[in-house]
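Following are the structures in question.
One chain, chain A, appears in both complexes that follow, with chain B as partner in the first and chain C in the second.
Our next item is the complex of A and B:
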């Protein structure tokens, strides 16, 4: 190394900021745009998820229209229209053409979207592969005009670039329509757009969906209930979930003027009594100004929080599907002999409330000798990729299904005529990647999923036992009936009684037993 | 919905920008900080990778000191010191305390770091779990002073927060020392810091590493070669790898004043002749101003590029380990009977050059009846996590190892006394997540890995056949020798010749054959 011109100075000139758009342009597979097929289904998914979240905001029954128009072998236009609240003019560019922008990231409430990445990443991908702008139309009220935008993302700055901005007529009270042109590939079957929409209909039984596929075939997924899902409420963070660095930041940002009021106001479940107890344990005066608490004291504060009994966070931030509606959803889309569902009570990981639901469809059209079909959902969104990397799959594999009437090889999914649905609802679902395809392996979550599977397993095995038992008994009766004449003949020879008399008595006896057997037989739910 | 106050207006107030630091604070598992154990090894990895990249910049033999000091059950201080070029004062805060900042993201040259995320994410994690600042000392030349910084990340802005900034004495010509305090957990074995360092030593045989572990035990990994790895050169993007959106951006950003000069200057492998051919095929005048080319024309341009024969990108942007040094690395750290290595010629995916290398150690201390041990590397960095999600693992599993002398169950790693090393070197390694743990499943990459495995498989089976064959022959000779007296006795009875004479003749015969057999026997490399 020449001392005169340190190489460090040459290297310094190469250092640059990387915008988050540039980062994800190069890493688009992280957002679910690995290949053209997945790109198409990711785009539909992000738009439909947004529409469902939007309609939930205004407690309205969702009416969503999805259209995929094929332009040539590799090019498509995806349009998704909803009857949600619409978006105010000023917010439209940022929501659609800026990555990491949104309302849900900082909000502790269950939602499909959570990162502020989904819809803008679809816009980015469309722009990258076709150069075309995303087209947004949105109307927020009958009395206000609709706004029409053509948007691109300035990838260097990660800021919206408004190409067109107009007021237009739109014969609709309120709602949003998004149109994205992109390179893609359309295929049916597993992991397809069609399958995604079908699964979405299962866990959103209140949704009315119209889907026009690239072959111009129009499909309807009608709603089976007018009951709206319980709206999830926003909660404050729970003290047990806070980390040192975050706590330090919160103390700087708070509007509270004393430590005690900070603890009471900025967290959930902290009463005056609990706040005082924490302060005392931490050895910090409860009237201290939050901004002036030193790092070492914050460490003591965090330790004190961990040592104090605080009740679990409220769970009205969650909106599970519920046992009844999950049942309706399954029955609507799957033809089976037996259906059952379980919704577990809410639980908590790292201060985040979450809840596991599971459902089973058994028999009927479902293939008997194959591995079960596993449907995974997070906040009512189907997870179609990376099954093997998911905590749900791990939990299913590690459950002893032999106890519940199914056969199973070690380390594999069980075998049997079963479609198994598992849903995690949470204010923050920990995904293994930005594309939200698999749940990370948090022990608290895996434990709860296992408990849910055991609950539903016990319900399944009751049905299987009855089902198989009654079937076996029916076979025994049939066999016995068949041999009555021969038996009567032998008995008549041995006892010197009339053969016909014995035969009629045996038949009577059999009839007496039948009602009990038939009652067991009719055990279908 | 009440028409008077559209909910959209209430919702608009909740919309916010999410800084990339805030995003990764909540999603820290995406960066490799899933749990305390992994957090510790990720931190060491990011710092050591940076040090190795730095020393390569100045063509110097790396001298790296890693120290992990344990403060209590869960708290550690990681210090990594190198003899790299150092960092100029102004750049230190951003490099260490701003996510998505660096020199390698926009550079087409093989490097360990590529995203501008690694070291700053370790600083972020330390701050989050301990509230402590990262401490950086750096010196760029003997004649200049050393700079000392204490840094935090302002997570709301994703900008550095300088806590301390001093000039200090440092008895060193040039280099950088980084100290991070964090919550962690130290454990030996698979996926440990110790294992990461051992594997790093294998693929960086020119590295001299001193490691002081949390038990204060000092380990040395001495270099086995003074030969420096070939320095990777920066190349321009290849036209085959460019996407429409990126091409449009490049046309806006270029300094070239004509389309032809743009094609020649902003890409590699485009001569005047090729540039003219592309313009002609696209139907665009070669002297057109790049900034004025319309979207539709860019589409034609991209189509024309795809239809034009352009030679593959230069491969001096790559720095493979090489067959000889991989062999040295394996021999240094693994005790086996047989070693062999293969470096494939470079190949290209999406315009990015890449190259596969593989090595095998067989027999010796390696367990016989277990699945082989697979060591995965990307740009000379060991990949310790997510083995099952990696394209390398997939390729190994899908290779028919029975053809190469190992037993193998369907869908599993082969069984045998083998440590298998696979290395991908590329200007842009496509990882499945920011934490860079597994290679994404690009078909071109999987194909090349398979070819490399077949190459090395053929070398392995030659050794196994010889080894087993000679062993079997030796056993036959021993057996034959044992029965010579008895055979001689029988022959003597049958033929009336002297038993001793026959015996000595048989022994002579055996000796005649021996040299050939022994030559085959001594086939160890």
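Our next item is the complex of A and C:
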């Protein structure tokens, strides 16, 4: 009999390392590069988001220049330049030419970026579609040189491949300029680069942005406030937000020598008493060495955490836009008759602080008989895709807008001349995928969004009632003034009383009846 | 002419009541019996259905009422001034055309659709307790009649057996017709004019000694009143 090859050995032959480029090609959609049009806007977005994060980090008013040069029908060069802190020489290759390398992933602080994936995936996309290197110029201070790099990603090893490394003159104190060539498609309108930049300008009123589009047309989005947004603070993770893998990693990385001190020092809101309680519930000796804790014990630990009452994390670490600045942002980019904004107090989901803000622009240029335009934002970044999958959209649809002066059919966005802005700020925004397009449906988040919408709805309806009512009121009085001579004429025909006399008496009566007319709302006979 | 005065007085009364409200500095109102199932009573004695005594008030200074109020007064004045006082009759459609005009300084018409003026005329019937015909508003449609019957219509004697294919045109107001001679066993009424014409062609009424009547569609008030009269004599 012939000897059978064990199945496992067959399978073993099929095992091989997956290169990042292969992974990327298969999962482009997860990262926002599903099609050429989206690839172009995602690239701009990743670069601008990083620039905004970087300037915020050093408390400086951002000056950003975005240029999209069109080489032919499908080929573009995107350049984004900022006045941020710059990047130290050694880090430049890794940041731009190594996937999953970043400073924000382990930081519990509100930032636009969080995965260490954004800019390097844009570089990789450009490289895969054009073969061209990414060009980076960065300078960290006036008396330091500017570094110029041409980089490629070694897609087998996921390591940077330095093509060129030079020192150049750059008449700028500090900042970073990134140039990526890619295959793309430029189109205006919904979900376009232009729209992304406009919305970015709304929620970043302190930003001065210059944009040169593929048609070589230069647009300016001027700064309307010199007030910097409140700086977000880094906080330690809260025990409720931690997952098994992360907890295991934290136990390995910690400097603490006992489990109790690990819990106390590496998390927020864990007192000695709470730490002891967790250890006791988990059945683990509180003086155990964190690195020695076995996997099953970590599971017990996680369970014990869930069962222990721990106060919510501090929420003053967030950086909301604020009611006043949201208002300024809306006013500068949207022409409407009425604007209002609401910033909710911070709240917590799964141990992560978050905060909801919302704003409305009503009337003016906004179309009357269409569904409202919903602008979604997460950590001040516009979310342009996957509207229907987003918790924000769900919350808007499930709000009873009829109570707030708009019409709405079941399961749909309301109808009316409204642009509605909803912003979620959080130290960790729960996206439904890596492309950061839609907010996951956490009940705590949905609840807060709804409360925010109700708050703003009440402000809207006050305006609508007053505005529309006062207009209707005037029309009403007008109408009676027109009816009175007609009635006087008919009555004089019917009774032979003097028309003018009846008319003047009716006019006096109108003045007297006016308050009642205002109060009534068209009662039936 | 005594009769007409009563109608004119009733309409004027309505106007005077409104004037009184105005003089008393009150929101002028008109009282209208409610024409709804909830306000209908069966009168055992006369075996007829009558309106009960529930009323609604129509106010001038009320956004929902004001236009109807104006229509009511305007149409009342039309009936009084242009029909009763000059002893003329008008159809519903005619009244609608007289009332239809644009309110000065607006693009609003006193009435836009005939149904509006028709409704107001019905209102005026119940307000005054007088029928439309008494108010000189005639029904729109008339009917035809053939048979062994002689009538007096406005002094003319008409023999309905000698009027050829078309027969006698039943006027919209039949209250004042006088039956001079009837020699028929029964009346055969039909809505469809085509059937009437066919039976008349076949001389059905001669063979069966009856009177044929049609209203060319839904029974008009003129025919109904005529029916009551012929039934009674």
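As a convention for this text, the second predicted complex is superposed on the first by the 418 of 525 C-alpha atoms of A that agree within 3 Å, B and C clash if a C-alpha of one lies under 4 Å from a C-alpha of the other, contacts with A are read in each partner's own complex, and residues count from 1 in each chain.
One rule holds in what follows: a residue touches a chain if its C-beta (ideal position, glycine included) is under 8 Å from a C-beta of that chain, and two chains touch if they have at least 3 such contacts.
No experiment lies behind these values; they were computed from the predicted model shown.
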Please name the chain, chain B or chain C, that touches the greater number of residues in chain A.
B
With both complexes overlaid on chain A, does A:142 touch chain B (first), chain C (second), both or neither?
first
In the superposed arrangement, does A:476 touch chain B (first), chain C (second), both or neither?
second
One more residue to check, A:487. First (chain B), second (chain C), both or neither?
second
Once the structures are superposed on A, label A:497 by its partner contacts, choosing first (chain B), second (chain C), both or neither.
second
Pick one for A:506: touches chain B only (first), chain C only (second), both, or neither.
second
So, A:458: does it touch chain B (first), chain C (second), both, or neither?
neither
Could you tell me if A:174 is touching chain B, chain C, both of them or neither one (first, second, both, neither)?
first
Check chain A for residues that touch chain B in one structure and chain C in the other, and list them.
none
In the complex, chain B touches chain A at residues 1, 3, 6-9, 11-12, 14-20, 22-23, 25-27, 29-30, 34, 57-58, 60, 85-88, 90-91, 94-95, 98, 100-103, 105-107, 115-116, 127-132, 140-144, 155-156, 173-174, 243-246, 248-249, 295, 298-299, 386, 388-389, 428, 430, 432-434, 440-441
Which bits of chain A are touching chain C when the two form their complex?
476, 479-480, 482-483, 485-487, 490-491, 493-495, 497, 502, 505-506, 508-510, 512-513, 516-517, 520, 522-525
Note which residues of chain C are touching chain A in the complex, please.
11-12, 14-16, 18-19, 22-23, 25, 27-28, 56-58, 60-70, 73-74, 76-77, 80-81, 103-106, 108, 110
